[in-house]
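Letters A, B, C, D and E mark the chains in the order given here, with residues in each chain numbered from 1 onward.
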Amino acid sequence: MRLALDVLTIVAVSGGAFFFLAGTVGMLRFPDTLTRLHALTKADNLGVGLVVVGLLPQAAGPREAAELLGTWLLVLLSGSVVSQLVARTVFATDRLGDALARGPGPPR
Amino acid sequence: MTAFLTASLGFILVMLALGLVRILHGPRDADRMMAAQLIGSAGIASTLLLGAVNRSPATIDVAFTLGLLATFASIAFVKKGLSRLEVEDPGSAGDA
Amino acid sequence: MSIQTALELVLAAVVLGLAAWAVAARETSAAVVGFIAYGLLIALVWVALGAVDVALAEAAIGGGLGGVLLLSAGARLRENEKRAAAERPGAGARLAAAALSAMVAAGLAVAVLRLPTPAPTLAPQAAANAAATGMGNPITNVLMAFRAMDTLLEKFVLLLGLVGVWSLAADRLWGGNPGPRHQADPLGLLAFLARLLAPIGVVVGIYMVWTGADHPGGAFQGGTVLAAMWLLTMMAGLTDTPPVSSLRLRLVLVAGPGVFLVVGLAGLLFGAAFLSYPAAYAKPLIVAIEVAMTLTVAATLTLLSAGAPEQRLER
Amino acid sequence: MPHSAADATPMAGALLVLAIVAPMVGALVAVAAGGRHVERIALAVTPVGLAIAVAIAAAIGQGGGPLTYLLGGWAPPLGVALRADGLSAVMIVTTAAVVCAVGLYARANFRVPAGEAPTRSTFAFWILLLGVWGALNTVFVAGDLFTLYVALELLTFAAAPLVSLEARAETFQAALRYLIFALLGSVLYLIGTALLYGAYGTLDLVLLSQRVSAAPTTLVAAALMTTGLLAKTALFPLHLWLPPAHAGAPAAGSAILSALVVKGSFFIAVRLWFDVLPGLPCVGAAQLLGGLGAVAIVVASIVALRQERLKLLIAYSTLAQIGYLFLMFPLALHAGRLEGGGALGGGLLQAVSHATAKAAMFMAAGLIYAAVGHDRIVELKGVARASPMSVIAFAIAGAALAGVPLSGANLAKELLLQAASETGQWWWQAVIQAGGFFTAAYLVLVLAHAVAPAAEPVERRAAAQGVGAAATLALALCSLLLGLVCWTPYLSVPQAILSKSLTLDEVPKALTQILGGAVLAVLLGRWGVRRPGGSLWGLLAAAIAPVRRATVALGGVVERADCALRQWPAAGICLLALALAFGAAIHAGF
Amino acid sequence: MSGAVVFGMCGVAVVGLGLYSLITNPHPLRKIIAFNLVGSGAFLIFGAVARRSATTAFSGDPTPRALVITGIVVAFSATALAVALLLRLFDAAGSATLGADAQSSTADDASGR
């Protein structure tokens, strides 16, 4: 049982780390703000989520587990709100058409 | 197990450091905001992992607090269009 | 080199990178973002150093209020960038400053590395005297009992800081509400977030004060979270700062140091000494002070972040 | 361990608590009450605070020894102790006296007139005044390095907004400069605190003094803390913030800032070197402090004589006087150790004299400003007639500061001179004398303009301020008569010097000094355009013209150097260089 | 090499960086950030000091940690006051720098009369 839990931890945390890798690479390599936003949301939601899932078997008790899940929910909430805000600022500063048409390196 | 968690923690920290490059390049505030958000999430994940490594349950409180405040920087970023003396016209405030 | 040390080195390197970024960034807004990220990582460092109480304080200040304060200031000062850049010192001065800073840091490094071993510590003494207060968190004991004077003075620092900020109001706006007025969010996103987060935050803040007696947490950390939530509802346009002329507000501002002083003076008159607690009532008294201080800290930090009165009283 | 305050004298020791708490309670009640109550509360607290201060002095005088109070009953190193010795008592009483006088004076400007709404400055001034008072009292009695840090910050936060109460752009800039530079100073002090705690496991001053040894960590801590405190005290060349801040504040604020606030960090520097770090080789550091003080006297005095505005002249004079205070460090050296003898007594006495006199000078300048609507020195003709009380008060305070017989400054000078001859350092005697001449010079410069008859009678802008003028005069007289006070239980003042300073041969000395000051003022000062007249004066002016051209050019060079040093990067580089220099100076003694 | 040493040195380096920025960066807001960096470096040194005495019985010395919490409060008030002053200066003067000295109008005229 312990072993199974440990395997779960290793798999999930590794998965979380992978999504952080993916998110970071996306942040760095994707050409414009909106696609980068797409990368960000994956890292946010799944990265933290999988780390939380991985740590659940290591938690000392139900309270800790609940707090872990709560942290994830907060991250989900803030992630979605922030991506909304980012998208809106992008749309507000330059219209979507502009941003898409010009492709990489959005206008300042 | 501790060694694995520590290594994952180190990996996520390196990812976090790479995210800095985006803050560096921008080119605009929206990108910086996202990079900051990514750094925030990575920081929260790191804090959780560090708590597990150190076996200190109170550390989750720190991660929880960070999660609670994770939106703050971004909100301040978008609200700044409004943070003027009240004499200014609030009509252009559609971006928030 | 153990994996633990490797991790610490990575963490320290990232922290230093962020600090360097906050220093070297060309644009102020980029530097501010770097500094906010730095504050987040510093919270992690405090966890790594085994000081969760400090990590909580740093997370709440660095991630929340401090970031908001600096970011909004940076946005208002955007036009100042060029003016300031014109006063950039010459290469010679920068070189001299860099060399001297490096030398001072080197001297400091020697001093830290040459600290005596075994390190002197007050931890055993603090633990031995913990019974006098009945609190399990040694840091709360230091803050509320052994070095209560510092904490009391710190509250006056906050209060005077706020009086200083208020003293910057334009005369015609005196008595009005501190800070800019925030428009309600037309699409309701921020309002939604604030309605969802603020209750959670309030519970978390109260929990931090309550748990601070025996576990990491305390009045300052809890108060800071409460302040952040208040600020959030303000930024969402749901609430506004109370006007400076409000008596209720000013009573809250003096409640913390006031209760602390009353308890302290009672100790002077009826007990052993100023700021001493009678053994039987130590814990309830300290909790009472902490509750009052939490309210004061929350109000003071919010208003410090909001700034000088910028809205007319009539409105 | 609680309730082990056996060695402390609880009743008298509680006075130390009250000295801190009284202004704090006042500030709290004032914040809560607000409006027109603020001023009344502040003025109600002042006599209480003064009484507490006097009681502390009396208790120390009678008990003969220092007072100690263990806060919460917790003994150091775990707890924090309050301690007061003679030095603390002197500073506490001085502070209380100056605050009372300034409080009376400030009623004219910061009272809510009947029928008008309270304003921003009537609210802030009184609370900040109480804050400064409480912070200073904490500085004087705190027995713990970190408590001192918090008190220093409290002092800064109360002082910086005083600078910008008049809400002009340049005062905001001055306040911001002051605040940031002072914060830099205090953070350096804080780093030193961390190092000392790491090395010795305590922050208590007495315990530290027993444990401190000559180790690298101590050296770095001492260098950083000293530099930080100098930045907050504005010792040359770290003075960039002081002239605009002290000149830009309202007169009552300037009086507090110049007379009291800079003394807070100075006092901690004295405590640090005399009480906490006797285990450290201090010869080099003390000579460095004295050297900086000497340069400060010369540079600041020359620049002071070239100022257009009276308040800036007084601010620069403060810089020179701060330099004077630091002369006591090399003079207190006995066999490689700092010993609190006549030199320490002289230095503290000078601090007290300066506090009272400088407050009076700024208050007098404020009265002059109120009377004629400006403070440009060359246009002060006829002021003596328009506002005689203020000019008389200014003259008395200036004379007291220059060290005329009976004054505290005179006694301080004698003490320092004697210490110089005892320790065989004649060159400091020259510096001390020069300081006296320069002080006389700016007094002569201002008075020469103020008493000159005006072509047409000067129009008074405002009605005479009876209470304010009386408070100013009282402070000035206080400074003038400090030499008559019996200092014995508090400061080490040998009876011989006391009686010597009261003999008749002091009079020619004083006259020489005034005359020398007049010469300096003529050579270096800024004079208005004089009407051409073939009088004796004209002839004399023609005769000295070549000399004056040379000295004025020299003054210009000094002023430009001062201006360059007051640039932020230059001051910052000086700060770091000084920290390294202090480190090297201490290291040389290892 | 322990965590105390690593983070102590990190704190020292942050102090150095902050000092450099505080001196050379002309924008007052950057100076305020730099002050926060120096302060944070000082706190890290406190943290290292506290951690050095960690044993199996104690995770470290609580006193320096309590001092850091007090220090954080003080540093935040300082930041808020400085930012408020800076914004007010900007509003009043249209620009906010610490360089040009509004007072020194007497720089060059050497002739007194």
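Quick note on the criterion: a residue touches a chain if its C-beta (ideal position, glycine included) is under 8 Å from a C-beta of that chain, and two chains touch if they have at least 3 such contacts.
Treat the numbers as computed from the prediction; the structure is a model and nothing was measured.
Visitor: Using direct touches as single steps, what is the fewest number of steps from chain B over to chain C?
Guide: Minimum number of steps from chain B to chain C: 1.
Visitor: Find out how few touching-chain steps suffice to connect chain B with chain D.
Guide: 2
Visitor: So which chains are sitting against chain A and chain C at once?
Guide: Where chain A and chain C share a partner, that partner set is B.
Visitor: Considering only C-beta pairs in contact, identify the chain pair with the most of them.
Guide: C-E
Visitor: Compared with chain E, which chain's mean CA position is the farthest off?
Guide: Farthest from chain E by mean C-alpha position: A.
Visitor: Whose Cα centre is nearest the centre of all Cα atoms in view?
Guide: Smallest offset from the overall C-alpha mean is found for E.
Visitor: Could you pull out the chain whose C-alpha mean position is farthest off from that of chain D?
Guide: A
Visitor: So, what's the distance in Å between the C-alpha centres of chain D and chain C?
Guide: That gives a centre separation of 32 Å.
Visitor: Report, in whole Å, the distance between the mean C-alpha point of chain C and the mean C-alpha point of chain E.
Guide: 14
Visitor: Go ahead and note the Å separation of the Cα centroids belonging to chain A and chain D.
Guide: 58
Visitor: If I count partner chains per residue in chain E, which residues reach a count of at least 2?
Guide: 15, 19, 23-24, 26, 28, 32, 45, 48-49, 52, 63, 67, 70, 74, 77-78, 81, 85-86, 88, 96, 99
Visitor: Chain C: which residues touch two or more other chains?
Guide: Expected reply: 4, 48, 50, 74, 76, 89, 93-94, 97, 101, 104, 108, 112, 115, 119-122, 126, 146-147, 150, 154, 157, 161, 164, 168, 190, 193, 197, 200.
Visitor: In chain B, which residues are in touch with two or more of the other chains?
Guide: 16, 29, 33, 35, 40, 61, 64, 68, 70-71, 75, 77, 85, 94, 96
Visitor: Sort out which chains touch which and give me every pair.
Guide: The list of touching pairs comes to A-B, A-C, B-C, C-D, C-E, D-E.
Visitor: For chain B, which residues count as touching chain C in their complex?
Guide: Residues 3, 6-7, 9-10, 13-14, 16-17, 20, 23-24, 26, 29, 32-33, 35-36, 39-40, 43, 46-47, 50-51, 54, 56, 58-59, 61-62, 64-66, 68-73, 75-77, 79-86, 90, 93-94, 96 of chain B touch chain C in their complex.
Visitor: Quick one: in the complex, what on chain C touches chain E?
Guide: Going by the criterion above, the answer is residues 1, 4-5, 8-9, 12, 15-16, 19-20, 22-23, 28, 31-32, 35, 38-39, 42, 45-46, 48-51, 53-54, 57-58, 61, 65-66, 69-70, 73-74, 76-77, 79-81, 83-89, 93-94, 97-98, 101-102, 104-105, 108-109, 112-113, 115, 117-124, 126-127, 138-139, 141-143, 146-147, 150-151, 154, 157-158, 161-162, 164-165, 168, 218, 220, 301, 304-305, 307-308.
Visitor: Could you pull out which chain E residues touch chain D in their complex?
Guide: 15, 19, 22-24, 26, 28, 31-32, 35, 38-39, 41-42, 45-46, 48-49, 52, 63-64, 67, 70-71, 74, 77-78, 81-82, 85-86, 88-89, 92-93, 96, 98-99, 101-108, 110-113
Visitor: For chain C, which residues count as touching chain A in their complex?
Guide: Chain C residues touching chain A: 187, 189-190, 193, 196-197, 200.
Visitor: Once bound in the complex, which stretches of chain A touch chain C?
Guide: For chain A paired with chain C, touching residues are 74, 77, 81, 84-85, 88.
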